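Presented sequentially are two complexes of subunit A, the first with subunit B as partner and the second with subunit C.
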Partner chain A sequence: MEKALERQLDETMNNPGVVGVLCADKQGLCLGARGTGERQTCGLITSLAETAQKLHPDESSSPVISIETDNMQILIKSKEGITTAVYKSST
Partner chain B sequence: MSMPECRKELKKYFNHLMSLVEGLYAIIITDRDGVPVFKVSTENAPELALRPTFLSTFGMATDQASKLGLSKNKSMISTYSAFQVVHLNKLPLIVTMVASSKTNTGMLLALERDFDNVLKDMRAVVDIS
Partner chain C sequence: MGNCCCPSDDKGFQEQEPDERSSLIGNHPGSSNSPRLVPRSERTPGASRSDSFPSPQNHASQRGDEQSALNRILHQTASNVIDVAAIDARSMEQHEYLDKARQYSSKLTMLCNKTPIPSRPHSLPSGVGNPHAILSAPPLSQADIQFITQVADRTAQTLKEIKVKHKEDLVVPFGVP
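Coming up: the complex of A and B.
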């Protein structure tokens, strides 16, 4: 059943610079994770996406959140109840 | 640190944890029979979910779930129309979290890490008795 999602996660991992990816439902439960994406952070990622959406409640589409650290960039986006986080290496 | 002081500190810490997750109404730590060891709750928590009769069911359920051949049961999530209850198996202790059904379940599960340090000391006490 989740083969399509698993394939999509693997394809995302093949993109240059991507070191991790994770996918969560709107309850913050993990649907899939690869690489540095830790399953336990799914709840936090979903919560971040929900909070960011509250900044512009009138906007129909959810924002893309970018978190930058010294050695990594995390991109978070929600769509149709699914939140995806992509971990990219800065180097 | 004296016992009342220790309890006060613990209460403060658990109240802090409760404030981290929106809609988390209660955190209860019990032994395997459902006897409360420590409890923090808000007025929104359903009274029935705080009773030992409710809390003791997880002890039995986790024992049965561990026999399914999928190794030891770690946690159980029960969702109801207005509430959700997350149980964590930290035997000999059991952590029960009562929250709104709209609460982010992943955030509740992520609290497990924060519980581990506190439970380490509590477990020693329960083990002796």
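Coming up: the complex of A and C.
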């Protein structure tokens, strides 16, 4: 049943520079996590995506959020109520 | 900058002890016991007052009296002068300075706590210490945007395909023969 999602997460992890993946539903429930993506942060990431969507309520597609730290970049995007976060290494 | 307060009270002048206007020799010819007033016109600058006392044997004592009278004038004038500039320039004591500084700072803190500082309408978050570096940073690359968009699309599509497969009965009878 969820094997397709797990396979999808593994494929994402195989991309160069990707060190973690998170997937959450619209309530912030964690649906899958890989690498450095921590399951406890799913709620925060979903909340960030919802807040960013409010900046452009007329926009049909949700915005891409990029959080940069000294050694990592987190890309967040929502699609049809599912929020996906990809952790990329900066180096 | 100074203020000289001359003694304006000339009444009772004769009853007071002799000053610069009283005669140095009480029994001057032509004068009574009262001190002799020397007209201002007689006191020409540079001219010694001893010129008006022709007695040569009293010259030394007269000179000493004159000197003491001059000193008395000087002291009296100095005591009547209020030097405002000197008062202003008086340096504040260290503990006084510290007390005032503490008092002002406490008052300032009290006022600052009482009235909230109005926040600027478009101020950046306080966490942004160096906004120039952040605003001048290169934007997110198009490749990253395409990558996360594709991953989000695929994930949403995958989750949409999740179906609950019915394998067995939801109601399981326990112990029912």
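As a convention for this text, the second predicted complex is superposed on the first by the 91 of 91 C-alpha atoms of A that agree within 3 Å, B and C clash if a C-alpha of one lies under 4 Å from a C-alpha of the other, contacts with A are read in each partner's own complex, and residues count from 1 in each chain.
Quick note on the criterion: a contact is a pair of C-beta atoms (placed from the backbone, for glycine too) under 8 Å apart; a residue touches a chain by one contact, two chains touch by 3 or more.
Nothing here was measured: the structure is a model prediction, and the numbers come from that model.
Superposition of the two structures on subunit A shows subunit C fitting alongside subunit B with no clash. One of subunit B and subunit C touches more residues of subunit A, and that partner is C.
Applying the stated contact rule after C-alpha superposition, one finds that A:47 touches subunit B and leaves subunit C untouched.
When the shared chain is aligned, subunit B comes close enough to touch A:28, but subunit C does not. In the superposed model, A:82 lies in contact with subunit C only, and not with subunit B. Rounded to the nearest 10, the superposed model shows the Cα centres of subunit B and subunit C diverging by 70 degrees about the centre of subunit A. In the superposed model, A:55 lies in contact with neither subunit B nor subunit C.
Looking at the shared chain after the overlay, A:2 reaches subunit C, while subunit B stays out of its contact range.
Here the smallest spacing between CA atoms of subunit B and those of subunit C, following superposition, is 16 Å.
Overlap of the subunit B and subunit C interfaces on subunit A comprises no residues.
Within the complex formed with subunit A, the subunit B residues making contact are 104-110, 112-113. If you check the complex, the residues on subunit A that touch subunit B are 24, 27-30, 40-44, 46-47, 50. Listing the residues of subunit A that touch subunit C in their complex gives 1-2, 4-5, 8-9, 12, 15, 21, 23, 25, 31, 64, 66, 73, 75-84, 86, 88. Interface of subunit C with subunit A (complex): residues 140, 144-145, 147-149, 151-156, 158-165.
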